[in-house]
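These are the structures in question, set out in turn.
Both of the next two complexes hold subunit A, though its partner changes from subunit B to subunit C.
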Partner chain A sequence: MSASDVAAPAAAGNSQLEIPVQRGEPVLEIRGLCVDYGIGDEATHAVVDANLVLRRGEVLGLAGESGSGKSTLAYAATRLLREPGLITGGEVLFHSRPGAPSLPDGGRGANGGRGADKHADKHADKHADKQARPVAESADLLELDEPELQRVRWSEISVVMQSALNALNPVISIGRQIEDVLRAHRPGMGRRMREKRAIELLEMVGITGDRLRSYPHELSGGMRQRAMIAMALALEPQVVIMDEPTTALDVVTQREILEELIRLRDDLGFAALFITHDLSLLIELADEIAVMYAGRLVERAKSAALFRAPRHPYTYGLLNSFPPMHGARTPMIGIAGAPPDLRAVPSGCAFHPRCPHALERCSVDVPQLVPLSPVIPPPRGAPNPGHAPNGDLLNGGLLNGAAGREVACWLHDPATSVKAPEELSRPDPVTAAVPDPGATEGGQTS
Partner chain B sequence: MTETLATPASPGTDAPALEARNLTKLFKVRHGLRRPGTVHAVENVSVALARSSVTAVVGESGSGKSTLARMLARIITPTSGELLLEGTQVPLRQRHRQEYAGHVQLVLQDPFASLNPVHSVRYHLSRPLKIHHMADGDMGDAIDGLLRRVALDPPGRFIDKYPHELSGGQRQRVAIARALAVQPDVLLADEPVSMLDVSIRLGVLNLLADLRDKSRLAILYVTHDIASARYLADTIVVMYAGELVESAPSTELTDAPAHPYTQLLLSAAPDPARAAPPSLAGAGAPPSLVSPPSGCRFHPRCPHAMAVCREQRPPTVTVSPGHSAACWLHVSDLRPSQTQAAQTQAAQTQAAQTQAAQTRATQTRPAEPAPGTKPSRHAGPDGPGKPAGPPKED
Partner chain C sequence: MTALARKIGVYIVTAWVAITVNFLLPRLMPGNPIQTMIGKLQGRVTLQMQQAIQQQFGIGLHQSLWSQYVSYWSQLFHGNLGQSITLSAPVSTVLGQTLPWTVGLLGASTVLSFVLGTLAGIALGWRRGSWLDGFLPVSTFFQAVPYFFLGTVLLLVLGSDLHWFPVLGNYARGLTPGFNGPFLFSVVRYAELPAATIVLSSIAGWMLGMRNMMVTVMDEDFVLVARAKGLPTRKVVSYAARNAILPSVANFSLAIGLVVSGALLVELVFNYPGVGNLLLQAVLNQDYPLLQGIFLVITLTVLGANLIADFIYVFLDPRVRQEA
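Here is the complex of A and B:
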């Protein structure tokens, strides 16, 4: 294994594969995921029917307030959820990269040891592998048993936790901790090789190699977080889940680390799920954003579309909770009330008690996350009882951005006769440029 | 250096409600067998809080902003400096704190920690009323009045609740109500919204704005969030490594920052409206406060650092009326006695300002007698993407 093999931007690594990996291709699909805390009538529904798709080379932002279930969703999808958390439904499909030898392939558990060995020689066996497995494989992470999970975790899906100080072991040097990852998942790798790789990883995230023997307390908060990122990327995973990775950091450090992440994403082509409560940060960072409220996804859109033309009243309120950095100062109100307790979620749409546009229906029926209907508006002034909100949305001749965005709100239901308010029906800025899932074949190779 | 970074006094008031002059706090530290050291937490900070105004203190963690707030509350005794309440000097020592507390109140960051979980809202609010003899008539009426002032209405719904029964925003409102119980002139709020959910932060900020306007309070708003400071404050002061680096009316500070550190802070702040990704000038981390850099403490990171920056502390220069910055770039003539010279008003945008500053710096460089110094401009030690800075002192 040569150094360039692992350290160099995986653009090089990928190019060695015969089947190119394409940016925008789904790599992790979360379908109908439900998570409860507790059992039976006592259960708190922390995540209800969540559907999300992570795509290669893209950052999916998951925004929400504390207690909205965003971390629970991520932990459930990676099977890291602890008791009393319980996954009650759904599936999490992981589509492995062609040639990656790590997915369990039928002989459940029995070949766990074999597989791990093979895995160890991933790079040595690369050529053999790519001939043996030319197509991508898929597996439902919720169905895997422990040995199988072991092969997917960290190798293919890794996690960066919020508090690096708590996530790192204080009595072991960061170099050792990175080498531990390699030792566990790459048993065939020698000691010198591991050390070399650990130095490469640290340098990749902007820490000099002489820091290898430093202990977590000897590093600044930003450096600790970088070390966490290095560790998460040690095995070149296809998916990286980041749970508030920069929340505890100062803005300058935060910005540096985000720049680093974007660069690494471009180089290595992983898909990232970025969880944060800071929507203003996500808009700059993420390709696509999903907004969560009281355990449900309420809106999903490209970040520019979400920022310029929010469709859900909660998204609009959240956006208006961040004072702008430019322009005249005008009074803002944020959102009235407080986020609900998950033990007593309001009926119907959980947001209705705080919503300024709540309809009668909102307190009764739960709105589902559905694509916005792309209906062409009838001429202005024409009778349009069925499509009133959309008629207004589209009066600039613009589409609703329906292909790329979804919203869970009765205001946008075609059957609702009430017109959506102006601030929730601005023209979508990215209507035309939304790739639909079937069109990725034409996408660029990363 | 000693110039007061004054907030505009409101009409009809001469002295600011609370003024700090050259406050300095040095903490002695000792770590095991290591040599004892001194943490220069706050040095030579002057700030004036006028009635009916909000002054925001912005800075990164470790910049000394909370230490400043605690010194103003007299919880921490300053090493040196003066504290003036309504123009009258108050002793720095801890004595007579109760009387002082009747004028100046502090609200802390975490309402989950600052309220006692075993006591009800009624108890929390009755304590200061009793201790400061504020409730002449009925205690219940006084408490109701306080709850209404912080928009916990109707008071009956909240008065017998315990902290765990309230949301974060409501808890912070109770903490503010408790501070208001003594009818203070000055409210010091140390990161009052950073622990709250995003959607309810504005509610608390608007409450502070309301108290400023209706109760004519002088408010110090300590925060790391420059956008919220811009929203709420009349004046923003920026702290870096224990020193005050810039002070200006809030929109002017964010629209035309004069100090390179303020510029860095603004470029790093999240801003969804930004067209292109920002470029960070001066990446890296704040220095150790045990052995802070000589001269200007920002010079190791500053993209415009000159020889003089490494040797001498920068003077506080008035950039425009009400806007001052502690930076050599704005010194037209390097003799500190003439630093008050008005700067050109032309450079109003950040880019223009930086450019002008560079030009000035280049012109003035030969005048600086700095034998043995290296070329006067150097980049920070860490380019973007390089190590985050020196290891944390522990």
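Here is the complex of A and C:
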């Protein structure tokens, strides 16, 4: 298969045909993930009960200040956690590509690109190796043994790191580093074919083929990150974890790389978990955004909804802060105080010492990440505004939106008798397109 | 390749300085030791010999230092290192007989020690915290024991008492040197204990260095990426090791001096007929021409070993290759 595959034209054609079928279904489901650094009483709880769903072909942004546990979450989910990190609970379900309907055996006729064939191949593999276990299509990554992990890695989930200079092996040419991936995962591929594919990949990200034998130090920062991206896409994985892939670059290059990523995502249809401490980067890129604070997810919503109608005070603060271009370690401007040391997280809602709206119970009870209730009953005893016939409905259902957004904040607890401030209860643009904005405002200001 | 060219330049200059110092030292030493030596030789050597020595050190010739220097160089280029006084033979001939033994023993055991130590260091670094770490104190112990002491113990216990290894000399008497099986086998057997001494004493340095570098390098992102790529474990280790070995190779030049001096002592302990033994004789007999020849040869050999290490380094690290 390899000969004709690799020679086939770029994958763009066939991927575009595949995406609409697959897009939107969960590909990676993180459930109740807990990660500690160290053991016993001294342990730092870097990730606590994280639930996230990455959908096929979508970009999920993961934002939060430095040290909030974003990388820990991502690396734990991919079993790449560094010592002394320890996964203490949860599961990470990986769902393989859908089987028969979108992936018939053999050639795919006119669009029989390499992507499709490989997928078919891998499925054959999987079934053979796992004796056609009924769950072969979905697997808990945390349960896989080393050989199984090695197979899933990079072919299904690849990683792009912040600094390509550190992520690329300095003494091996970029071509060789790409070819090593192919050698490990495509045993049938000959040396020539690997080289050809490596050149193809480099050209896909805008690096000329004559750079194949260049070493990382011979490339500019932007080019290195491009090479890293090319390598990450070598096996057309379904999931690409991007841990601040543009943070180490200057603004112009940052822009270029982002555009490149958007283009590649559209062409190849991979899903991405995009980690950043700069929320504004996610505006164009992400379909959905999750915000993390002190090891917990505090808000999750469609990106438009999160940007225009944040619900968590921390999200609001992040949106109104200007993260410094360099030195991600300084606290964000816009939110008073500094992020907590995870070895001594404040009780209750970890954000309460910095939160301008903190309630009494905030320092006691930990708010859970729960779906926003579609209907918020008006505060007990509050007069019905009355001037909008559907005022209650607006205030609750349409205002918060039912579009699966979640928040961990007592302000939005239906049982709380306190009303969220205006900036945290703006109409959700995803669902609020219908009602008349005037009516909404009227409902609130009263 | 400019980096290598520069290195070679440095070595040429170093060699030149060494040779020049070698030339100047006996001529500038206070108290005129050469004259004294020749005085002592009176009657012990032939007149011819005496003249040869006088000429070599420029005594009684009333030549300028410069022209002596020029003729010294021309002699050197003809492979003429002068006459050994006590052995009544050209120094080059004497060295030609002993140097191969030393280079063979030292070279083989140094390479062996480097390779074994590096491999052990890779394993120790990779499996940090496992039972393998138990080797660390053991190897440090051997490193702390002086060469000659370790050599003596091995000689007495494994050689003289247990007779597991042949000792004293470089091959069994009665064999014809040459490219024949019994002789080569004997050579290897006789080299075993001295080589073991050198390896045991020097391996810890390579091992610890490599282990610590492995531990450092394994925290690097590119090793994490290698794992994320789903490469076989062997390959992941090699990604780390390829980088971790660089300081070891770079340190080779520093280490080799120590190894050589220690190894020369080992020759004495085992009465191995190499340059170390020759050096001792030359010192005891105040055989200046021989001493000078030995110093020159040792210097050049060490420089040669360093040059090889540099070549290897440049081969291993693309970053130094293109430095302008």
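Note that the second predicted complex is superposed on the first by the 337 of 446 C-alpha atoms of A that agree within 3 Å, B and C clash if a C-alpha of one lies under 4 Å from a C-alpha of the other, contacts with A are read in each partner's own complex, and residues count from 1 in each chain.
We adopt the following convention: a residue touches a chain if its C-beta (ideal position, glycine included) is under 8 Å from a C-beta of that chain, and two chains touch if they have at least 3 such contacts.
If you're wondering where the values come from, they're calculated on a predicted model, not measured in any experiment.
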item: Touching partner for A:T416 - first (subunit B), second (subunit C), both, neither; value: neither
item: Touched partner set for A:D278, first subunit B, second subunit C, both or neither; value: first
item: Partner chain in contact with A:T72 - subunit B first, subunit C second, else both or neither; value: neither
item: Which of subunit B and subunit C A:R153 touches, first, second, both or neither; value: second
item: First, second, both or neither for A:E218, with subunit B first and subunit C second; value: both
item: Dominant contact partner of subunit A by residue count, subunit C or subunit B; value: B
item: Touching partner for A:Q254 - first (subunit B), second (subunit C), both, neither; value: first
item: Touching partner for A:L318 - first (subunit B), second (subunit C), both, neither; value: first
item: Which superposed partner A:Q238 touches (first subunit B, second subunit C, both, neither); value: neither
item: Shared subunit A contacts, counted only where both subunit B and subunit C touch the same residue; value: 217-218
item: Contact footprint of subunit B on subunit A as seen in their complex; value: 65-66, 206-208, 211, 214, 217-223, 226, 250-256, 259-260, 263, 277-281, 283-284, 307, 317-326, 329, 331-336, 338-339
item: List of subunit B residues in touch with subunit A within their complex; value: 60-61, 167-170, 197-203, 206, 224, 226-228, 230-231, 250-251, 254-255, 264-274, 277-278, 280, 283-285, 384-392, 394
item: Parts of subunit C lying in touch with subunit A, wherever the complex brings them together; value: 219-222, 224-233, 235, 239, 242-243, 246, 316-319, 322
item: In the complex, subunit A residues that touch subunit C; value: 78, 80, 82, 146, 149-155, 157-159, 161, 163, 166-173, 180-181, 184-185, 215, 217-218, 231
